[in-house]
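The same chain A turns up in both complexes below, where it pairs with chain B and then with chain C.
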Partner chain A sequence: MKKIQTKGVKISSNKDYRDSIVDILKKMLQSKSVDAVLVPMRVPAKDSYAWILVKDEKLLTEADPAAPIMPIQGARALSSFSRKGQSMLKIAALMRPCEIRATIELSKLNQVNLENVTLISYDCPGALPMEDYLNDPEKGEKKFNDILKKLDFQNKSIKPVCKICDQFSLLPVSDLHFTLFHDQNNTMFLIANSNRGNLVLKEIGMEASHTVSAWANGIQEIKDKRAAQKKGRFTQIKKMVEGFNSLLATFSDCIGCHNCQSACPICYCRQCYFDSESVTSGTDLTMLKAKKRGSISLPQNRIMFQVGRMSHMSLSCVSCGLCTDACPVSIPVAEIFSYVAHNTQKQFSYSSGENKGEPIPLKTFKLEEVKGIQELVEDAEA
Partner chain B sequence: MDQVLTIKKSTEAGLIDLLTYLLKNKKVSGVCSLRKTKKQGKFDYALITDPELLHDVVPLHPLMPVNAGKMLSNMIKMEMPVAAVIKPCELRSFIELVKRSQGKLENFLLISYTCGGALPLTATVENKVDTMLPDYGKTVAAGNEFEHIREICKACEYFVPFNADATVSLLGETGADSTCKIFLHSDKAKEILQGFEVEKTEDEFDRTGYDQIRERRKKYKEELFKQIKIQDTGLDGMIDVFGRCIGCHACSRVCPICYCVLCDFESSTYDYDNTIMEQELSRKGGLRLPSDTILYQIGRLSHMSFSCIGCGQCTEVCPSDIPVSVIFRKCGEKVAEIFEYIPGRDVNEQVPVTIFKEEEFEEIGEE
Partner chain C sequence: MSTKIGIYICECGPNIADNINIDEVIERISSSEDYKNKQLIIKPYKLLCSNEGKEYLEKEIKDNELTHLVIAACSPRDHEITFINICKKTKLNPYLYKMVNIREQCAWMIPDKKKATEKAISYIKAAINRVLHQSVLIEKQLDSNPNVLVIGGGITGMETALSLASKQRRVYLVEKNSILGGNAQSFKNLLPRQENNTDLVAKKITAIQENENIEVFTDSKLENAVGFFGNFEVTVKSTKKDQTANEFVVGAIVLATGFALMPTEKLKKHAYGKDDNVYTALEIEQMMKAKGKIVLKSGKEPKSVGLIHCVGREDRGYCSRICCNYMLKIISYLKDQSDTILIKDFYKDLCLPHKYDQEYFDTMAKKKVDFIRISDITTKKTHITYTEVNGSKKEADLDMIILAPAMVPAEGTEELAELLNVPLHPTKFFQEAHSQLNPIGTSLEGIYIAGGCHGPQGISESVLQAKAVQGKIVTQLIPGEKIIPEVKVSEIIPDFCMGCQTCREVCCYGAITFDPERGICVVNEAICRGCGNCVGSCPSGAIRAKHFTTIQIHQEMKEAIS
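Up next is the complex of A and B:
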């Protein structure tokens, strides 16, 4: 694993973090270090945020580098621009760490082209649940501002899945990173974490010369707390999904709308297998099942969909929580999938979005695994 | 002339008797109805073949976990009909699907009822159904509006079913506690229920008997429609209303009319080449990603709004709390008016945009 960088550029002391970040992004555009930047912006009605790819630096004044909510996964926004291949434009994308991790996973699935893309992360305190924010956007803005001002990375208002997230800061795959979690002197750093990141710094005339160990220690403290919370929460989630009956009870409100899958950045299939005719058709089979059991719940396969989706995408799940936000019946989908993902990824010593070069486990094999299969076959034959 | 069955039991118990008769005597191959699940306060739709399991059904519960019209359309091939108890709007959506070859009427004995409106999904999620039901029942029996039903239901004037084989009288039925009244309209219903031995009389189902309720609903609808001002504000208004749309397409996924296996707006048509997007970016200085948020909404409006039956599922599932169903009903009604079309009224009435009349060509010539 790559070692965390210990040096950064000191970029602000008294300015609002938003202005400081926007200043840097402007510099990137001005110096032609990048051609466009992808940032969240508040929509005209002021009741949500959208991803805007900005070329005209004047538009950047409206950018909100750390939005209180995550209505659309940044990886999905980037994918919509680059899934058809490498863009001629050099793009810098400022995203939450989980969005960057999803981007890395999508690049492994050929849904994002990372050539010419600079990934910029920041210390993410978590996002507010969409439902809470939509009830009163101004209140949500105020709440999130308070969180950032007080560096309250343990706030109770953030999404449940954010509370157990321990990958909320600089990632091995970040090119650049803004330290929102700063010290009492309001010092914010910009850390370069890759050759590309270093090049950008150079092009905007900056040099990483300050040590950031105080920041790194602070982050580690939060990480430890979050990890402990995660452990506790996972013990509860385990009870919700272990065994068919608990699974059934947990998903008893599911209406089969598949909106978790629509919102999920990893579920990129144009048509989900579970929406295909292999699953939906066949009256004869439906009748047969109904007759065998006396009754059958409709629409069918609601649990199979959940289990199927787990097996399809949990190796790449980044626990961003968009599924829970999108669920019309308030099932804690994200925490459940996060728990399952934690365990499936552990099986392969894999961590989603952590490493660009590491292939998704099911897309590769190791020689000794083939040997294992050979033994199984031989056993079966004997 | 309709045949009226009168059963000296509560409306629900009477209807369950009828369903039990059908299943026990193999008059139908199954019963499709809402039922209680094992988990207290939770309900689902089920296809039931074992008459013993009918004691769990709650056919008249004001719930719509999914639009049953969409559900029935999946049952294409059947030897014997299934008796389905569904809401008038679910029945209307099924009729719209039948027009599109997505379902077969002969596969079902369609039982519907005069509907007092459905509760939002949150009622089930928050476990409020059981506590709300007694009040709901009383309010509906008195012909009044239950305050917690879906907004779009309060604005629904088609609460008396079209095309049902049988109609259970519920709305304004003061004797619902002790008497179950079921009107059999079709020959199919009368024939299937020939051996069902209950009090049978001849009477005409009085569709006009609900004028007061209809007027109240119409008034509410006008108020609700007034809140949507897109027609005055053009594209800016669209951006204001749909700006927070996240493009999840949940509205189309639960919509009974949107039957496409793959929605056009999810097809590769809208995967633009970088060059096209780069041009747009240069022209505007900024580009929303993913794009086509408004295009999707306008597209869906033009694809299906004239067939929108106002079930409200789209609003229920929208993660951005956009009042989708009010917008689609308002727009759809205007379009349907031009064609004197009421979605789901008559299975022989063809979907406006799928047919043309010769005089329409003359009009185009004149213009």
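Up next is the complex of A and C:
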């Protein structure tokens, strides 16, 4: 794997972290290092955020580089215009690490064209659950500002799936990275992590000269804590989905709205197979099933939808948690999918969104993988 | 027109009738509630594939105005096509017909008549369910170009070109070297009768030059090829400085790129330098042709020679088949040169596969040659250390050593395979479509392989393959006739496709292209063979195999396993 950079640029420490980031983005536009910036902005009603592609640097003042919530996955925003080819404009996209990882997965599925796109990540403390934020947006803003101020990466208010996220910082695939995690002196760094990143840095007249080992150690500490939490939570989740009966009980609340699939950045299909005519069985067949089984739950395929989605997208799942935000009946979909993804990805020695060059397991076939699965099946049977 | 399904059960003489209660089958199916809204005609017949049977079936389809047809008889491998042809004679679309195998799959394999009958009923019902969901497919006709591109101007390529060229069929012969003739032109004499080679190769080259229907491109290589059987657009480019490119259309491509000998510098067990008297068999042939005799670097004739078989066979993992024979030929060169020359022939196994070979070996064995069967051998320059099969270790110093290195595909074979999307065998020779049933075809229709690029073989087999390719092309690519491509192909539904191109990676035939404007993938129906790989791979379920749709399979399975 690519070695993570150990040097960074020290950024003005007196300002608010948001302003510091916006300053750098402005510099990128001024130096024509990029033509436009993709950032979240608070909507006029002040109760949500939207992705805006900003060309006019004056408008950047409105940008909020670290939004408290994730209404739309950034990878989706990128894919919406770059699916059919390379962007004419040079774009810098400032996104959460999970959004960048989803972007990488989509690029492997030819849904995002990364040509002319600079991916900028930042240390993400997590996001607030949509429901909590929408109940009282001002309170949510305050809470999130507090989290950022106190560098509280273990805050109880963040999304459950964020609490167990250990890929919240600089990624091997980031071009540039802002360290939000600063010390008592409010030191922030900008790290260039690729040739493209280095070029941008040069164009805005900055040089990476400070070692960032203190920051790296701090991040590692949080990673370790998060990993421990993840292990504990996965033990609980395992019980929720292991075996057909647990799975049935966990998803018995599902109303079949498929919001989770609409929100998911990896679910890139134009129409979900489970929304298509192929899965709807006719009257006769339904009645036949009811006759044979004695009873039948309607509408059908609610569990099949979940299991089908797991098999379709878990190898690329980035645990961004948008599915849970989208679920109207509060099923912990994200944590369940995160657990399943952890295991399916392990099976293929794959980590979603971590390596641009690594082919997606869905598109490759290796004989030894099949052997591995066979052993898994035999173990389960034994 | 209302649905009217004809179901005909063939007794196949006693084969089916003896072990399946056909009356019960008819009774149970016609009284089944599943088909109470459908019109069924269900009848037995003693032998449907007989001439009378075929006439009967044709009449039945016409008289009853059948809309769907189910034939319960033998394996589709035996007679599916027979009944398709009957459908074609009537107005019934052959894709509204389904064959059920109640002979091999029921009557022959289930001893219990009752159980066999049950299974036959369930299979026939499955076929009725399926056929009701089948759709009309219309065969297309495409214009075809009768011309042929032959790559490789060796003995195989020349033979192919000469066999195919005619007034109606132009042949383009591409050779990477500056002269035609390939490896064979280096041989002085030819096996098995030791006739002088100059005649054979030179005559063919002259014949090619005189044939106005053959166009030769020397110092050239295939630059690009796109299309399908009947219509390949190819570009042939000169490797000379001017790099002239010629573009033309051909209907078929023959790969006759030949072989090379395994590079001897890769051989760990046989270390020698440029000045040592160590040669490969091909170098000896070249020497014979140039000088008329075998001599040492000093110009003197050798007094002792060691011949080593199977050089590099362990690394390559296959026998090169012709080496034992040509080593015998080299023995005869040496013995003709000097009766007293000492010859030690080191072999592990002797491969003498042809009817002439044993006799030839016996003749050579009489000429005082030490044939030594060994288990291991290493050489350093002309010093030999070897282990005989009985375990005794020995050494020898000889004037000259002649190696028989493994035959390997000619340089550029891999690039050509990649360019044309033709699969390679693990040995890196081209992979034939089927080793017995289609040994000169490839997985791509219209691309054939012959000669040394197929695998190690001699001139006679290479010529045989050239003739086989000729036969294939002459019967399949008939000038002026249309080509009917496969109808049971896959199709991509544009509204579902997201252009992730996973299907392109699994397509063995290169039948799928990406349309950047629409951002979706498209199947070229003329190339697609309907294997269904893409259908299974599509994450969006956007690909459908015509005649193997989910609903058709589901309807059939539902009944077959109920």
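The rule is simple: the second predicted complex is superposed on the first by the 364 of 382 C-alpha atoms of A that agree within 3 Å, B and C clash if a C-alpha of one lies under 4 Å from a C-alpha of the other, contacts with A are read in each partner's own complex, and residues count from 1 in each chain.
Here is the rule we use: a contact is a pair of C-beta atoms (placed from the backbone, for glycine too) under 8 Å apart; a residue touches a chain by one contact, two chains touch by 3 or more.
Everything quoted here is computed from the prediction, not taken from an experiment.
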item	value
Fit or clash between chain C and chain B when superposed on chain A	fit
Contacts of A:111 with chain B and chain C, given as first, second, both or neither	second
Touching partner for A:88 - first (chain B), second (chain C), both, neither	first
Contacts of A:271 with chain B and chain C, given as first, second, both or neither	both
First, second, both or neither for A:363, with chain B first and chain C second	second
Partner chain(s) touched by A:256 [first = chain B, second = chain C, both, neither]	first
If touched residues of chain A are counted for chain B and for chain C, the larger one	B
Touched partner set for A:134, first chain B, second chain C, both or neither	first
Degrees between the directions from chain A toward chain B and toward chain C, using C-alpha centres, nearest 10	100
Partner chain(s) touched by A:294 [first = chain B, second = chain C, both, neither]	first
Partner chain in contact with A:330 - chain B first, chain C second, else both or neither	first
Which of chain B and chain C A:56 touches, first, second, both or neither	first
Smallest distance from any CA atom of chain C to any CA atom of chain B, in Å, after fitting	7
Residues of chain A at both interfaces, chain B in one complex, chain C in the other	83-85, 270-271, 276
Contacting residues of chain A [partner chain C, same complex]	83-85, 109-111, 268-271, 273, 276, 278, 285, 312, 362-363
Of all residues in chain A, those that touch chain B in their complex	36, 38, 43-45, 47-48, 50-56, 58-59, 71-72, 76-78, 80-89, 130-131, 134, 248-249, 252-253, 255-259, 262-263, 270-271, 275-277, 280-281, 283-284, 286-287, 290-291, 294-299, 325-330
Complex contacts: residues of chain B adjacent to chain A	29-30, 32, 35, 37-39, 42, 44-50, 52-53, 65-66, 71, 74-78, 121, 124-125, 236, 239-241, 243-244, 246-250, 253-254, 261-262, 266-268, 271-275, 277-278, 281-282, 285-291, 293, 316-321
Complex contact set, residues of chain C against chain A	495-502, 505, 516-517, 519, 537, 539-542, 550-551, 558
